[in-house]
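Below, chain A partners chain B and then partners chain C, in two separate complexes.
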Partner chain A sequence: MIVDKLQQLGQHSIAKIQGMGRATLMLFGALIAWPTPRKSFPLLLKQLYVVGVLSLLIILVSGLFIGMVLALQGYTVLSKFGAEQMLGPLVALSLLRELGPVVTALLFAGRAGSALTAEIGLMKATEQLSGMEMMAVDPLRRIIAPRFWAGVISMPLLALIFTAVGILGGHLVGVDWLGVDGGGYWSAMQANVDFQQDILNGVIKSVVFALIVTWIALHKGFDAVPTSEGISQATTQTVVTSSLAVLGFDFILTAVMFGG
Partner chain B sequence: MTSRRIEVLVGLFVALAIAAFLLLSLKVANSGMTGSGQTYMLYAKFENIGGLKVRSPIKVGGVVVGRVRSIELNTEEYSPVVAMEIDSQYNNFPETSSVAILTSGLLGEQYLGLQPGFVDETVSILKSGDYVEDTKSAIVLEELIGQFLFNRGSN
Partner chain C sequence: MSDILVDIQHLTFKRGDRVIYDDMSMQFQRGKVTAIMGPSGIGKTTLLRLIGGQLKPEQGKILVDGQNIPQLSRKDLYKARQKMGMLFQSGAMFSEMSVYDNVAFPIREHTRLPEDIIRLMVLMKLEAVGLRGARDLMPAELSGGMARRAALARAIALDPQFIMYDEPFAGQDPISMGVIVRLIRSLNNALGLTSVVVSHDVNEVMSIADYVYVVAERKVIGQGTPDELRAHPSALVQQFLQGQSDGPVPFHFKAANYSTELMELAK
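This part shows the complex of A and B:
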């Protein structure tokens, strides 16, 4: 009875660790190679379009609305203390430090991560990856590497755009609608936001999240059971696992960067 | 979808991101530069710095002229020494000037108020690395309350 439970636990752990090992091997196989910019740059460009440009709309719209909601909610509390001029720092700091990187990573996992998993899973199911190997084309180099770099490059850029649009959205609601002083909005922000402490740390966060989300998405697709059910499971797992990983790592990074 | 169109759209995406980064670093953050960017250092020794922090503003008549660079404890007398980084545009403070730790509003953050002193033939101008001798420490609320209660008790 207890031994059965223990066996289950052991099986589960071994499977998890094997999965992590396969994911690491996949990443090393894709990234450690002699760079061939002439061949890989067009592939990277295509993936930057698919992963980055096509995610732009959802990032712009949600950034705008999150900035607007922050300003609206912040205003109701701050106006009770007569501290409306602190609305700028409130919106800017919460977007730069937390919401920009985290919400972008979650949206990115849902929008681009799931698509990557489904695409690669389907390639595996239709034996396109095996076909490439037959033609002496390394699928890790041809399929995985450009998608990985595209994700890692485009997500920090998306997070920057998200944050900037959010701050403009906060300006729209706070200054143009609720009547906070416009000069105070920007000057209080400038007095309270530090380039290194806030902006650079936010960018570091989004680079870490980009690595995590893209890696998980690619591995789940590459490791998917090559059936329609397996692909659907892998896609779900991508979104769930990478969202949880982003939130977990966010806590650790926040504790390290801003905790002390 | 031709590859030219993809290239244009990716270029647009990157340009948008660069614009966002510029907006964030120029309009949202102060990149540590005030005016010309040239600064010089003055020092001041206090009894108690209260809630003063590194990067707290230094104000003359309410105008920010610099920021606190560092706060260290002098190991000989165990009194805090504050290093002030002041814009070299304002390099004409006489040695009779005084600094006080003040609070903006009742609950606001603490800042350094620099008060320029008088000038005559015997008074020289503060140079980089000089100490401002006349300092007033922060008011600590608990000490005030303690004094008040002590005075009431003795009456």
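This part shows the complex of A and C:
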């Protein structure tokens, strides 16, 4: 009985490690080649549109609401201590350090990550990837690489847009609705937000999340069992695994950046 | 120049513990249509993937124009593939591109020809398969037979040396079946191709093939011209060619004795 359980655990661990190995090989194969600007640039541009621009709406709306909620909640607590003028830094720091990168990554995993997995999984199921290989075109370079770079470039930008819109949302609720002083909102923010400590660290976080989410999404699609059930499972796994990975890595990065 | 374009020598291939091919050898002659027939599930598509270098055999050589495919470096393998065309069972058209762009895809990827020359080449290939008028359609708008013909135009876009057809007749109505049969033969003759057709549609294959291999039970069980095969002494070959439901390949999947099993249930 115990031996069986141990055996299962061992098999499961080996399968996981093999999966990680395949994911690493896939990424290595996609990124090893020197890109040819004539072919690679139009492909990258198209993916930046699909992965980045099409995610803009969900990022803008979510950013706005999260900024508004932050201001509302923050005001309730701060006003008890007569510290309403610190609303600006509260909203900005929460968004720059945590919510911007993390929520953007979670939304990105749901919106763009799942779409990437389903697209590549379906290309595999309909033999498009094999067909490409037989036409002497490497699918890792033609399909995976531009999508990977598009994710890595667009997510930090989306996180910055999310944060900016969130700060505006905070202003909308805090200043325009609840009556906090507008000048104080901005000046306290300017005085308390440090470029390297807060903005740069937030950008670093979102670059790390972009690498993780895009990599997981592409690998799950590329490794999917080429059936309708396999693709649906792979899509779910992309959202679940990348969301958990983002939250886990967020803790590690926060501990390293702000812990001491 | 040798008469044999593809020479498979002592090929052994396994999937996990299951042996798919055991010490199998076959040769495809230059300029001929060679067919590989056999029951479903014996790995006919696998054989094409082995020839295309997408899978590696456990043992044996796969020589294509003198080059041993499994031992080629990645770069050389990709170079060798430019001389091969493959028609997948599903067609494998790129769903986000029009028929025109699908056919232009390999030309754009492998050459730096100006667009007007590419246009000329694409229209010639589409004309050959009778789909010049369908160039602006998307793959989702094509019928199964048309999708396969469009994929065929794409497979011959770079004038390959030889072309592999994976179940080209499966799921086709009699008219598109006739069209594809005609196309395989006429393209083979007109372009000087060497063709390999993997199929289990006996009548169609026998009508166009110059030479046929029947594969079953992990090896070649019969080979020859269509006429030679019709007179083949093997009962298994005859069962396959005539489509008999019972014979050396039993109707029943291997199971325990029927009456014993029923009696056990009754107890």
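The rule is short, and it goes like this: the second predicted complex is superposed on the first by the 260 of 260 C-alpha atoms of A that agree within 3 Å, B and C clash if a C-alpha of one lies under 4 Å from a C-alpha of the other, contacts with A are read in each partner's own complex, and residues count from 1 in each chain.
One rule holds for everything that comes next: contacts are C-beta pairs under 8 Å (C-beta built on N, C-alpha and C of every residue); 3 or more make two chains touch, one makes a residue touch a chain.
Worth saying up front: this structure is predicted, and the values here are computed from it rather than measured.
Measured by the number of chain A residues touched, the leading partner among chain B and chain C is B.
When the shared chain is aligned, no partner comes close enough to touch A:Gln11: not chain B, not chain C.
Residue contacts after overlaying the shared chain place A:Phe195 against chain B, while chain C stays out of touching range. In the superposition on chain A, contact of A:Ala92 is made with chain B only, not with chain C. By the touch criterion defined above, A:Met135 reaches chain C but does not reach chain B. When the two complexes are overlaid on their common chain A, residue A:Glu127 makes contact with chain C while staying clear of chain B.
Comparing the two complexes, no residue of chain A contacts chain B in one case and chain C in the other. Contacts from chain B toward chain A in the complex involve residues 3, 6-7, 9-10, 12-14, 16-17, 19-21, 23-25, 27-32, 55, 57. Touching chain B in their complex are the following residues of chain A: 42, 45-46, 48-49, 52-53, 56, 92, 96, 154, 157-158, 160-161, 163-165, 167, 186, 189-191, 193-195, 198-199. Against chain A, in their complex, chain C makes its touches with residues 49, 52, 54, 78-79, 81-82, 84-86, 88-90, 92-95, 105-106, 109-110, 151, 154. Interface residues of chain A, counted against chain C in their complex, comprise 39, 122-123, 126-128, 130-138, 142.
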